[in-house]
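Beneath this line is the structure, given in structure tokens, with notes to follow.
Chain IDs A, B, C and D follow the sequence of writing; residue 1 opens each chain.
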Amino acid sequence: MADTPYSSTELLACVAARLLEDRKSVFVGTGLPMIAAMLAQRTHAPGLLIIFEAGGIGPQIPVLPISVGDSRTFHRAVAASSMHDVMSISQAGYLDYGFLGAAQIDPHGNINTTVIGEHDHPTVRLPGSGGANDVGSFCHRTVIIMRQDRRKFAAQLDFLTTPGHLDGPGARERAGLPANTGPHRVITQLGVYGFDDATMTMRLLAVHPGVTVEEVRANSSFPIPAAEPLAVSAAPTVEEQRILREIDPTGLLIKR
Amino acid sequence: MADTPYSSTELLACVAARLLEDRKSVFVGTGLPMIAAMLAQRTHAPGLLIIFEAGGIGPQIPVLPISVGDSRTFHRAVAASSMHDVMSISQAGYLDYGFLGAAQIDPHGNINTTVIGEHDHPTVRLPGSGGANDVGSFCHRTVIIMRQDRRKFAAQLDFLTTPGHLDGPGARERAGLPANTGPHRVITQLGVYGFDDATMTMRLLAVHPGVTVEEVRANSSFPIPAAEPLAVSAAPTVEEQRILREIDPTGLLIKR
Amino acid sequence: MEILQEGHGELIGWHDPDENREWVRAHKPRDLVDKRMGIAEAVARFMHDGDFIASGGFGHVRVGMAAIYEIIRQGRRGLVMAGKTAVHDADLLIAAGCVDRIEVAYSFGHELRGLSPASRRMVEGGHCQVVAEISNAGYQWRFLAAAMGVPFIPARNLLGTDTLKYSSAKVVADPWSGKPLCLLPACYPDVAIIHVTRCDMYGNAQIDGTLIEDFELARAARRLILTTEEIIPEAQIRAEPWRTAIPFFLVDAVTEVPFGSHPCQMPLRYYFDEDHIREWMRRSVTAEGADAYFQEYVFDAPDFEAYLQKIGGSTRLSYLQQVEALRG
Amino acid sequence: MEILQEGHGELIGWHDPDENREWVRAHKPRDLVDKRMGIAEAVARFMHDGDFIASGGFGHVRVGMAAIYEIIRQGRRGLVMAGKTAVHDADLLIAAGCVDRIEVAYSFGHELRGLSPASRRMVEGGHCQVVAEISNAGYQWRFLAAAMGVPFIPARNLLGTDTLKYSSAKVVADPWSGKPLCLLPACYPDVAIIHVTRCDMYGNAQIDGTLIEDFELARAARRLILTTEEIIPEAQIRAEPWRTAIPFFLVDAVTEVPFGSHPCQMPLRYYFDEDHIREWMRRSVTAEGADAYFQEYVFDAPDFEAYLQKIGGSTRLSYLQQVEALRG
């Protein structure tokens, strides 16, 4: 356990990094996922293969890239290829983990990053799928990292951009999506969620240090059952914090 | 006109070369087509773009390549790409001319290079389509170069490997092949053939020097109408012969 | 083919493959001709009001910004844009009123830097219409279908989502597995702008770094304007032909514009100009601010050279080179 | 999907995309492990009797001949081969009784050099069965479908021909244009052998010259044996990552075999050994002649090094290098 203070983002990065297994591959988007993947590689998962959608494969990332197309994403990479190549190998099953962000999530882990309000008369227009729909369709396990509140944890999405478990068990396969894929974990500033096998809806697996189940529920507009016993996320270790500062020396993301 | 003797292959190469237009593209296979394209480029068609199926695009060919994958096919090329790329640009309409050979041809210009006899119990097993079906499907105009005799000019093919005009006008489009494509000319050791617009069957456009219409008909098992007036192919010029010797100094093909 | 489901997004840029073949046959150059021209001429000749356009690169990486500024300078109107991770380029073109319709994979955002104040305002205010939704891979494969000259590419994304409902894709049962499959229609932009590392005067181009979507986009576009960091001799291209990502016969115009991706990154050459991107994002919070930005950096700069002076000239540019080389 | 027409050729190498994803998930290496091994071990570990195999390159160009000889030496039986412009490789494997079924785009010929006496005899005698016909582009796109993880790729070839009737393709109406369209089923070879210019010990590989079908084939094959002219340091790969045609996670074995394409060409390194190709074609006119050839060059040569001595050793090989460099 850490005896030093840490930011909420540092905790999220550590929790996300620890989910990644060594000798697996991960499809990485902009921001926190990059930090999490880099942290995992520098701790328990040195054999983690990092892949970026613009074509960077297996880079030795010198400093935190700003964009997934940034030259840092193919710095001393094993290949600097193309989106077609990377998306194809993802579709063909080479990608184990994928990270996603979300503006809204529903109990089945479906995600909205397109629009708040009506599509053709938006209240807030968001960027759209980007590679999210692809990552959420192709990767064996997706991990969603987001801030949670009652609006973001929505019983009903304004727009279903990226498939989670759709409307329940078997729904992804019925829709034609690759088998045995879908959201694996959701990580927020309050805790970590998994999915109940019988209903494919979110359940609380762990709260972060100092967070209560009541707080979690107060920040969701749908009911969230809690696992028993409920785990508590381990705080960032001194070593993890040291590496995070190495990865993001200016605190661009970590200090947010 | 030449006042020097010439081989039948030299004549075929010259006749084929003269069909190619400047500032057009040609998909080139092994052997005589390579010589014809190189000759055209060194005479009336310096702006001819030569493309090979293994990925060679616009090479400056130093000596006659033996294979369409040979490194000579991308020697000082503008691109050394892939079959996927070259076949895709062909399918997308970038290729004006394509050359084909044939073991058998029928009156509609359909071609067999697969088998003589029954497919599953072949009398003679031939190499199959190779890129021929692709060239014959995608290029705006295909030119077939072959030796003719009664067996090779067949009323009925043993196997239809590569589409000519199938069973007549509109048949290619009905089958789903790209519009406004198909055999343009057939060149043999005896003469040059085109296709009648109304029936899309072969008609004799020109005989080579010294060849009679009777000889042409004696070497076909289907009737061949002759254009009136019937042209006579110009013999290889001294200049053409000089260039042919430059292209194929050992006479590998030309002296056959 | 029984259609199990059909998106109702507008079908942008699709042509019958035979119709596009005729276009290619009539318009694309087969021979080596010198295509060098200024960016003003390239945009004037090859991009017309109402065209469906696509911009190469990805996000703020390797974007033909010199061409984007020129489109604004020439006041093109009614453009439809491929929102294929279109970021700074789309934001400016929408804010300037050049683009009023867009098919979106990713737009209206500057990735980590935040949402785009200008283009969001235009979309939320009804001045720019999102005519279809798609994903990044989906757009990529729409270009692949066009590059291959086939009407569609099958894929296993979009399925089960509203993204599909608002797309131009269709769902059918795969005739082998019987499973539902998404078909992505081919997409042929009227004009694409691609910024490359180097090319010869005919347009044979090399790209250092990832190709992103540009291999396929170059082959899908009906007209292709290349802007390049430098023009090199043809012999250099022919010495390593396997480095050619874009061969000349796809190309209609070649414009040499060093730093032509600024304020976006040019991999291995210069880094993002974060200050300038932030300046745009700050000033474009209001329509007036955006207009003032355009006045200063586009209309009051007769050409890209003048723009580069305004953003700080060689001092600023060599700083960006240093940062990119990890010496910054 | 209404099927307008259906080839009755055998569907070789197709898997449901989900089934193949599970295979990839369980078997393909995600991390950097040293995969160097001798060709005997590579063939013994990764190629089994009855496998469906594919050999990279094209015709007599960049073919993994050291692996082909080793397959013969180890006496594999019941192999099914992808006849994707399979020439010398297929001819030997069929003549040696290793391959007894083949799907044919181009086989049984040595291009300009003439038809293959041995494999023609085996096919015409009923000892090797042609299970399906296809074209070069058709095979290429079957590999593309597999590389993309989709069940098929649409194309506009094969249509209207017997090649289609004897293929495993299907014809449907394109849901946009309504025109008939050929669907080519994905093809995942059990094992592919690809000979590359250089790679590191993990299998990150560069290819000088055209990629031919190998970019897609490497991604389609379930198992991939790389043979390479030379093994280079990982740092050399990482210095120019855009030169990597095959990344390590596709690769199961890496074998360094200089001159490993002999008697076939290795672009920019050494030319075809025409004398040796002719010797094979002459001796393989009879079954006894072919057997004697195999005895001399395969069974009496314990390894590829010994074979290179038999064909003339360094004198012959440097001559072939001279010819390739246009100094011959």
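As a convention for this text, contacts are C-beta pairs under 8 Å (C-beta built on N, C-alpha and C of every residue); 3 or more make two chains touch, one makes a residue touch a chain.
Quantities reported herein were computed from a predicted structural model and do not represent experimental measurements.
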Other chains in touch with both chain B and chain D: C
Mean-CA-position distance for chain D and chain A (Å): 40
Chain C-chain D separation of Cα centroids, rounded to whole Å: 37
Rounded Å distance, chain A centre to chain C centre (Cα mean): 28
Multi-chain contact sites of chain D, meaning residues that touch two or more partners: 17-18, 148-150, 155-156, 179, 181, 209-211, 242
Where chain A touches two or more other chains, by residue: 56, 74, 80-81, 91, 138, 178
Pairwise touch network: line, ring, star, complete, or other: other
In contact (per the touch rule at the top): chain pairs: A-C, A-D, B-C, B-D, C-D
Complex interface listing, chain D residues touching chain A: 17-18, 20-25, 28-32, 146-150, 202, 204, 219, 235, 237-239, 241-242, 244, 247-249
Touching residues on chain B, where the partner in the complex is chain C: 22-25, 47-49, 56-60, 74, 76-81, 88-89, 91-94, 96, 138, 140, 178-180
Parts of chain B lying in touch with chain D, wherever the complex brings them together: 30-31, 53-56, 62-63, 66-71, 73-74, 80-84, 87, 90-91, 110, 114, 119-134, 137-138, 157, 159-163, 166, 171-172, 174-178, 252-253
Chain D - residues contacting chain C, complex: 1-3, 11, 14, 16-18, 148-156, 170, 172-177, 179, 181, 183, 185, 207-211, 242
Contact footprint of chain B on chain D as seen in their complex: 57-62, 83, 85, 104-109, 111-113, 115, 120, 123-124, 126, 129-130, 133-138, 140-141, 144, 155-163, 166, 171, 179-182, 209-216, 265, 267-268, 272, 324, 326
